[in-house]
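Supplied in structure tokens, the structure appears directly below.
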Amino acid sequence: MQRTKIAIVGASGYTGMELLRLLLLHPHAEITAVTSRQEAGKALSDVFPRYLGAAGADLRFIEPDTQAIVASGATVAFLALPHGVAAQIAHELLSAGLRVIDLSADFRLRDADVYQHYYGQSHPYPNLLEKAVYGLPEIRADKIASASLVAAPGCYPTSILLPLIPLLSAKLLDPASIVAHSMSGVSGAGRKADIPFLFCECNESVRAYGIPKHRHLSEIEQELSLAAGQEVIISFLPHLVPVHNGIATTITAKLAESCDAAAVGDALTAAYATAPFVRLLGNGVCADTKYVTRTNFIDIGWHHDPRTQRIILTSAEDNLGKGAGGQAVQCFNLMCGLPVRAGLENF
Amino acid sequence: MQRTKIAIVGASGYTGMELLRLLLLHPHAEITAVTSRQEAGKALSDVFPRYLGAAGADLRFIEPDTQAIVASGATVAFLALPHGVAAQIAHELLSAGLRVIDLSADFRLRDADVYQHYYGQSHPYPNLLEKAVYGLPEIRADKIASASLVAAPGCYPTSILLPLIPLLSAKLLDPASIVAHSMSGVSGAGRKADIPFLFCECNESVRAYGIPKHRHLSEIEQELSLAAGQEVIISFLPHLVPVHNGIATTITAKLAESCDAAAVGDALTAAYATAPFVRLLGNGVCADTKYVTRTNFIDIGWHHDPRTQRIILTSAEDNLGKGAGGQAVQCFNLMCGLPVRAGLENF
Amino acid sequence: MQRTKIAIVGASGYTGMELLRLLLLHPHAEITAVTSRQEAGKALSDVFPRYLGAAGADLRFIEPDTQAIVASGATVAFLALPHGVAAQIAHELLSAGLRVIDLSADFRLRDADVYQHYYGQSHPYPNLLEKAVYGLPEIRADKIASASLVAAPGCYPTSILLPLIPLLSAKLLDPASIVAHSMSGVSGAGRKADIPFLFCECNESVRAYGIPKHRHLSEIEQELSLAAGQEVIISFLPHLVPVHNGIATTITAKLAESCDAAAVGDALTAAYATAPFVRLLGNGVCADTKYVTRTNFIDIGWHHDPRTQRIILTSAEDNLGKGAGGQAVQCFNLMCGLPVRAGLENF
Amino acid sequence: MQRTKIAIVGASGYTGMELLRLLLLHPHAEITAVTSRQEAGKALSDVFPRYLGAAGADLRFIEPDTQAIVASGATVAFLALPHGVAAQIAHELLSAGLRVIDLSADFRLRDADVYQHYYGQSHPYPNLLEKAVYGLPEIRADKIASASLVAAPGCYPTSILLPLIPLLSAKLLDPASIVAHSMSGVSGAGRKADIPFLFCECNESVRAYGIPKHRHLSEIEQELSLAAGQEVIISFLPHLVPVHNGIATTITAKLAESCDAAAVGDALTAAYATAPFVRLLGNGVCADTKYVTRTNFIDIGWHHDPRTQRIILTSAEDNLGKGAGGQAVQCFNLMCGLPVRAGLENF
């Protein structure tokens, strides 16, 4: 089978690094362009010594120039750029006929007003929003398969949406009662020189942040509302913990009246029994990030607390894996009609 | 001023180690006996090389024998023993006329049935339960001052009770809506050889555990119910994160109807304005464990989320400090009429 | 191509876990038996939840019984057992016609007296020692290819031997001047319940140990002496540092008289230019463990210090990868005539 | 006793933070000025929330202006500034009659040419170099006591000099054979926004750097040469390991001919038997950073290897404590005739 030629735009951060890890070894992909304004001219393996010696790691970074990307022969582009920056180049690449998998927040929201409210700037290409597909493969595989523009979900949202969507669809939970508490590794903050993310500021530190209105709330509530068929407003409480990668999320919600707790496991099993990257740990089991780091898996466990009638869901994923790069590759496989696990069988 | 002679019973774990750290340097205490079944005969500094060279660190561990403890001249005993074991020696030491500060769970509950339910064994000295004072100095300093038996609160409970008690007392929150998420350092698991607490099992791991009914719920709900004047049942979600010490707790609760969010800050300020070890960070600030480790401080911040009408409280403490040893020393200072900060001015 | 059937004997520790990671995904291997006395009866994925959902992870652990291993059809056995235990089962499996790759120390030494001196017990099968091949693929690929018994080198030795052997072979260094300083991640201590390896005893701790005569000295000096053509005695200084996996080694040695420093780079390049898993970083570059963890690479950099006429070599490897499981798989590929990178193209 | 008024110039980094920790609680010091160009106007506790609630923590940072420092009444100034910057303000403060304890490298070297060679700039006040005392209290307490300008030693040098000086003074070691390996926590890199010191770049990473000619070599060799009475040139190999603070150093050196290994312990004991902050662990014991962090102790252990006739010395200190702030306070106590342990009895 011929390899699909792909470009990674903005490949010098942690998400870009994970995309490289997955795509350098992907049996059906060939990286033809990687861009980075600050690293242009350097070989992949100079910027990321981990990849030294890998086939393809002598490719050189280029400037993020649409013409050059097109000229490389790439037909699919992964964008690992800051929000606001991604939209412009997505527009250009789409116009040039490429399919785009954007890992920024620029195309995750259906409503440009919500984008403006949460991201503090007007959306530069609001007409692209309806074209974009929110790329949760377990929820809308078909639309992803045929999309030209996929918005890969945020890391926190993935860890919250996958446990909750089947339960809200089945009306098993009281939507107004949802509280989602997440703990993220430091790679989630990106690879930028900021004092709060120095080793000595994160090591031996546990802290909440972004309360009460973290930007990821916008896409979380959009997708939960779609699943529930009604507006859902939740509390989302992100925390930073001293691990490199991994997100652990613990969600509480009231069981809907007259619902049986056993229905929770049934709904999750029905939704994910054949999903290759969702591992249902079962009732009474808690997820642990150390079992999912560097994989595309999300682990989900659940409990029922009869004292409070709350359902407790725990999930664990790699924020760079299922929460970013792995999920993007999963979308890529769908878009190209490739085997679903291609390039993702690592652990 | 003459130093009070004290004994530390069960001093070979992390809580014992922290008590030693504080009491070796306490200006008004003199350690006359330290016990440990497995370390008997060894000097303090052999077991804890950190204390090598400190005045008093050549004291030798003895067996946990009441006669020997009494013979040392100690008038106050700190017990850092497993629950179930503490009650017996507490009884003996009290009978011998010592005052006891117990850091186990044996005297925290007023109701022996609740003890049996949560700890799986009948309480050996139920009549001592009414004598015991639950040792939260910010809440009942007077009773602690005159007590002969103080039950130092658990680490998680301290981080949950101090933010919530003033708000429940003032009827500002809906008690049925409380969800408390806590993240603890690994020292909370104790200094015992168990595979799940090896470095390689905890490092780069974030995980929930003890869901939905961790033992600490029993004392949390007891004290919250007292404050609220009604039965309070909450969800408590403990997590293990890879730090040595520190607990970060994030609590959500619905603002009671017709209450104003500003009343939250007012109630906390009224409760703790002069409390030397509670630091109110204010509205809109999140607590961070790295600022409180190795201190007796608890930091508390709060937010109001108008979208959900929830109040979000974050607290940070050292699980071995304000959550155990520091709090016990704070009780000791009260019991002996010492300056409140004596031996606790470290950071 | 038909997959080679393999057994992993003693698969419940960290080395066994790494062998499983590599062999579950190896394109030319099929795991037919995994043994563990304490986990017998459980599925792989019960013991190692990371592997849940992988093809083959529902295989169940069995007792380490030779008959059962043979009955599984395995033709190659990997032994990840403690020294002393491995020799017995190796003997039995060899007698039954299997080829054996032993990751313990039992077959690394040519001299049974040295074994007794360093390991404190007489060797149970001294006659097997001459049959065994010390499994450094970069040094003796041919012998490994035809061996029935391969002794995979220790983690520390690999990090010291690969930089030094070409230089000693070329007489570029004064053998009496060698000092090797190594820093290992905690997984090197194994997956056993020991207080010194608890998270709280290793985190925020850096310490030397095993000085001056760590057991790995025996094989290091054996192989260095072979390379140098004379007896080599070195100082080896192992340290424990708070990372999960990875060994960084820094070696100093005097440049031999009348040798040119440039010859160092030449000798390393000549030795490893085509070695797929040795990455020569060049003169003036220091190795960093974070680029090699979870790979089979060893990175090597070097410096010349004209002030002292010492050559300084730095190497980095994964103690569980190139230092154990990866190297064993590399030997397996050689033994079975497989592509050298098969199953090892992960990073 | 009246408190000595002191200033901390350049107090916004990790060394400044440690000086604050020690001096806020020092029984005989009163901080009257703290400076930081970037934090001017903020309270101590705004910049370092750890100190919130401490007496004195409401003091506000000022610009590093000599007039203002003098006006504060300070008679002793601690300088925690970058090299090059410290010399100028030291000159001004000395001219204004203050005594100065400089923690930068600006006054550690006796020879301005060596300064220029290692620090790449000509020394702005070479005439101050002979006035300055290299502040190792265990080696030259008397000179420190009467000095107006003390150069507090570097963190690495302290960990190397204290074990070696008594042995070189006693001619027990071959000076040409010394190799010093050091492993430092990340706080040694300072509190500045640099990608290589982000959490994700340091966590799970072990790496050498600064080979073969780290700047600290200049002061190490100066002081070793003084002790040996001859020029000493060594190999110094610094490494970065993922801990917040702490330096572990392992030194090898050949025992001088005809010397007895037992003389090593004798010489160390003679040198440090009454030194309050040097803890001799004895023969056969390795130092561990976890026992000295946040103290002013340095722990020293030693071994003799009869196979190589090398002496192996291990030391552990806190790079911010005995390696910086603690040592500076120890000098301050000497300079002011205070009890030697004043303000340093923390662990």
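Letters are used for the chains, namely A, B, C and D, taken in the order the chains are written, and counting of residues starts over at 1 for each.
Simple rule for what comes next: contacts are C-beta pairs under 8 Å (C-beta built on N, C-alpha and C of every residue); 3 or more make two chains touch, one makes a residue touch a chain.
Computed from a prediction, not measured in an experiment: that's the story for all the values here.
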item: Repeated interface matching A-B, over half of the contact pairs identical, chosen among B-C, A-C or C-D; value: C-D
item: Farthest chain relative to chain A (centres taken as mean CA coordinates); value: D
item: Centre-of-Cα separation between chain D and chain A, whole angstrom; value: 46
item: Geometric centre distance via CA averages, chain D-chain B, whole Å; value: 37
item: Distance between chain centroids, defined by C-alpha means - chain C, chain D (Å); value: 39
item: Per-residue multi-chain contacts in chain C, two or more chains; value: 201, 203-204, 242-244, 288, 290
item: Residues of chain D that touch chain A when the two form their complex; value: 14, 186-187, 191-195, 197-204, 242-244
item: Touch list for chain D against partner chain C, complex; value: 176, 179, 181, 183, 185, 201, 203-209, 211-213, 233-235, 237, 239, 241-244, 246-248, 250, 252, 286-290, 293, 303-305, 307-308, 310, 312, 314, 316
item: Residues on chain D engaged by chain B in the complex (per definition of touch); value: 21, 25, 49-54, 204, 276, 279, 281, 288, 290-292, 294-295, 297, 299, 345-347
